[in-house]
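Each of the next two complexes has subunit A plus one more chain, namely subunit B in the first and subunit C in the second.
For the complex of A and B:
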């Protein structure tokens, strides 16, 4: 292990009784990286974070932080700090004492404590609130204090467990950018847990998509969104149309996929075998709906519904095989097309993502 | 609410409070009565308070009761709190049974505890005195402390303790800096409960105390058998006032620590 790797999980398994929360997970987090563990609730992302923090001991496997094996080291001896989902500010202490808590535990000098606490509070723009009790602060302010309380200790790694979950949408968006900028200016490694895929895409250097205690895919936000390697990832990240079909021809530039009797060209980005069942996914914004037939890959159907959502109009198309397809249209080319009209849905074959499960 | 309903509820509440407090108020008033017979008001006097403080028997009983209540409270509070923490925090085989064993003293009649202890002392050939009163008092009060503290712990966010450890506090520091300050109102309420239960406990004290080490309720009982003396009224008045002051102070403290 090189010093470039800040956190390394080796064959980590965590069982709670008979339930396996995390199953043989391997993960390397680079120094200075903003890594997000993303997945639905119960996927093991929080358990993974808690094993890095030290609140849970892995049933099997090793946890390395900054070149030290810490799987059985107590949380208070680890060079990591956590920002909790519920903020967990000490209700009996004022803001100053909350932020100073970690430094006091390390027996830091009084003057240094005062200076570092004020600097940390300045970073989160709450230096005027030192005498307040947590109860007297808004949710957003409490969240900032929780962040200040963690970063004041100069941790090697900052662990964040759905820290923005309780904030309203607008404040959440604002805090996402603030956290991202904070991470860049401090250079601390961030490991961030969320179930909000948009938040993960916005903030992360790399995303780890988890499902049922295992890693589904690790990659850059673009890779996770544009090139999902499994049906789970494609479905979980953003909105998409997924079809199952049988490969009928692999000879040409594009392979042919038979979806309920209709043949569609798909790119040969993975090895495809004749008669194999595979899935294809096409994002709503990559396809378009028209009343005339197009040269590119297409399906025909009838327009079922037009839903105006502000930035785009969502077009729901009813396909002959009983499925529905969603397409996002930004223009008004379909102004005269009404529900029940016959339409074509078309897209460039290379926009399709193909995967086996 | 309809005006009539409101009136009826008001009357009802007033009656309840009268039922609670009129006997106590009468008792307090008669402690200043200048008559030896408790039922007729003949004039105002402090004589009963004077004779109360020169009555060695009563002073000795009050001292005994206070010593027993203070020591009982200390033991019951420490061990009751520890038991509450153990039950709240850890899962261990037999936890349910352990928990249940702590609840039994709350519902078991005091007379049974008293007789059982008396039989035990007899069997072990222990001479009764002030020290033989403690075990019974501790046994019944420890459960109350535990119940109150457990209720407080149930409302404690476990992630606060994790946050403390995350920030570098070891188990000991986490307990004293975070857990204890947060459960303190519960501990204080438990201690107060233990103190008052011990102070007016009669049955166990009566059975397990020895000659010359009467507690106050035991002494009052033996005095009342010869008729209610106004001295007892005076003593009761002092005790009521002390308890009221204690409750007010505790209430303040609990509000502050919230």
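For the complex of A and C:
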């Protein structure tokens, strides 16, 4: 436990036949960190997790856990435990025996097993269920047992493969917070795989966004959301308006971006060259719609549709170049504005994110 | 609900009628015949008599034959189990060769057991392939008695019924969710421990099915004893056949059949009880 780095992946590549699941991936996970691998299905996030667990051997590269190269260490000798997507509780054992399994394998004494199992079950609030069989439990309860079965072993690293995927929304939200608190109180390194961006933003210390076997971006949740560095990340995380345009002027404080005839000022956060094609992204909640033109106004357009979704109203504005833009409004300043009315869309130029691909 | 039950019964009716005609009716007939009076020349006099059962129970020969049959069939079934499990495990993990290997297991089924047992005679005979080979090597000077022994009967049964054991076990190993094995490994179980704590208990239904469908036909088989011991050793199958066809004593044949059925049922129940006493949940 001398090192800050609990898990290190060095130039990891995994091929299944001709398909490359993970391509030359480098990643360092710090001790005590809650790190999430986020991406669409088939992006290589689960394969990456399975290589840390040892179920898959990397085609190339090295896996280091707690300063040891583990490429040739079998899964059962690694100091990591996994919470599986399907829970994989042993159907022929009751809850107690399921949770005790790892300790029994390590030949822990009977009394210590009983004590640690009960403590683990207390953590997940299921200490009254020791005699039940997995199939007598609800999905949420099975999930908790799966977590208890893993953490009872005091692993250096806990790997979680979409553990909340099978639960309904409300239970999922509740379990997200419980898992986060559990991780904080135990201080165990969590590596969490999910395709749910909201889940990733809620729980993680850092997020690794993956796409087609490669890392698109690593960062804090705020960074990933506010400062995506690629079109993929901006598009995958949350809702946004992405426009492609041509840089027409880089002389002023803001560069000008021509999007099919509409010119918009963008911040020069990345180096921009005249006539270059780049993308800009503006989140729906960062922009606002008004009927009167003010000085920050960027665009004029026609209100196409208002969609009430509860906490906000989504305003869809048709721009003169034919594109549509979504803006979230929380007030009722547009109550009297109807579809077909002329409106103005405005935002602070600093809220715009610019990227090249 | 009632509509659904009616639909269910109407869809079941072909198999129910089949079972009624060819299972229930024959059993009732055999039971009835076993309690009738023997006319002497194969005829049946419909008068109540327990003579057949008295013969079966009072003559130590019949009980001994039934006992031998159960013991031999049991030994053969256990040998089948130990041969079949590793083989089924291997097939289940053979990837693209799976189907071919299963086909190889099935192929012997396409030939009658009788014909296949003749092949064993050629191998086991006094002047057979094995004895000649061993004598040519100078390992033995006189031919070994490979036939006419209980061992040869058990060999024939193992040979004949091994596929019955392989197939259900294979199917249970094949259907085993591999993530259970990964979970065990993840929790520190080496491959050996994973096998005994997870694979074996979870494939137990396959073992049980294999046991029953191997043991039951093995108990009543008579071609094996006919061919491999030249009828010097008899199993209950031989005795029942002879009672019906040679001695023309249908009552005795029926009584022995009923007795066998009850004993087989009991031994299967005992086996199930014995193997599942610790964890009944396998069967649920």
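Going forward, the second predicted complex is superposed on the first by the 354 of 357 C-alpha atoms of A that agree within 3 Å, B and C clash if a C-alpha of one lies under 4 Å from a C-alpha of the other, contacts with A are read in each partner's own complex, and residues count from 1 in each chain.
In the analysis below, contacts are C-beta pairs under 8 Å (C-beta built on N, C-alpha and C of every residue); 3 or more make two chains touch, one makes a residue touch a chain.
Model, not experiment: these values are computed from the prediction.
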Subunit A as common anchor, with subunit B and subunit C clashing or fitting: clash
Which superposed partner A:105 touches (first subunit B, second subunit C, both, neither): both
Touched partner set for A:133, first subunit B, second subunit C, both or neither: second
Partner chain(s) touched by A:76 [first = subunit B, second = subunit C, both, neither]: both
First (subunit B), second (subunit C), both or neither touched by A:84: both
Intersection of subunit A interface sets (partners subunit B, subunit C): 53-55, 74-76, 80-82, 84, 86, 88-92, 101-102, 105-106, 149-150, 153
Complex interface listing, subunit C residues touching subunit A: 177, 179-180, 182-190, 193-194, 197-198, 201-202, 279, 281-282
Parts of subunit A lying in touch with subunit C, wherever the complex brings them together: 53-55, 74-77, 80-82, 84, 86, 88-92, 101-102, 105-106, 133, 149-150, 153
Interface residues, subunit B side, partner subunit A - complex: 157, 159-160, 162-170, 173, 177-178, 181-182, 257
Contacting residues of subunit A [partner subunit B, same complex]: 53-55, 74-76, 80-82, 84-86, 88-92, 101-102, 105-106, 149-150, 153
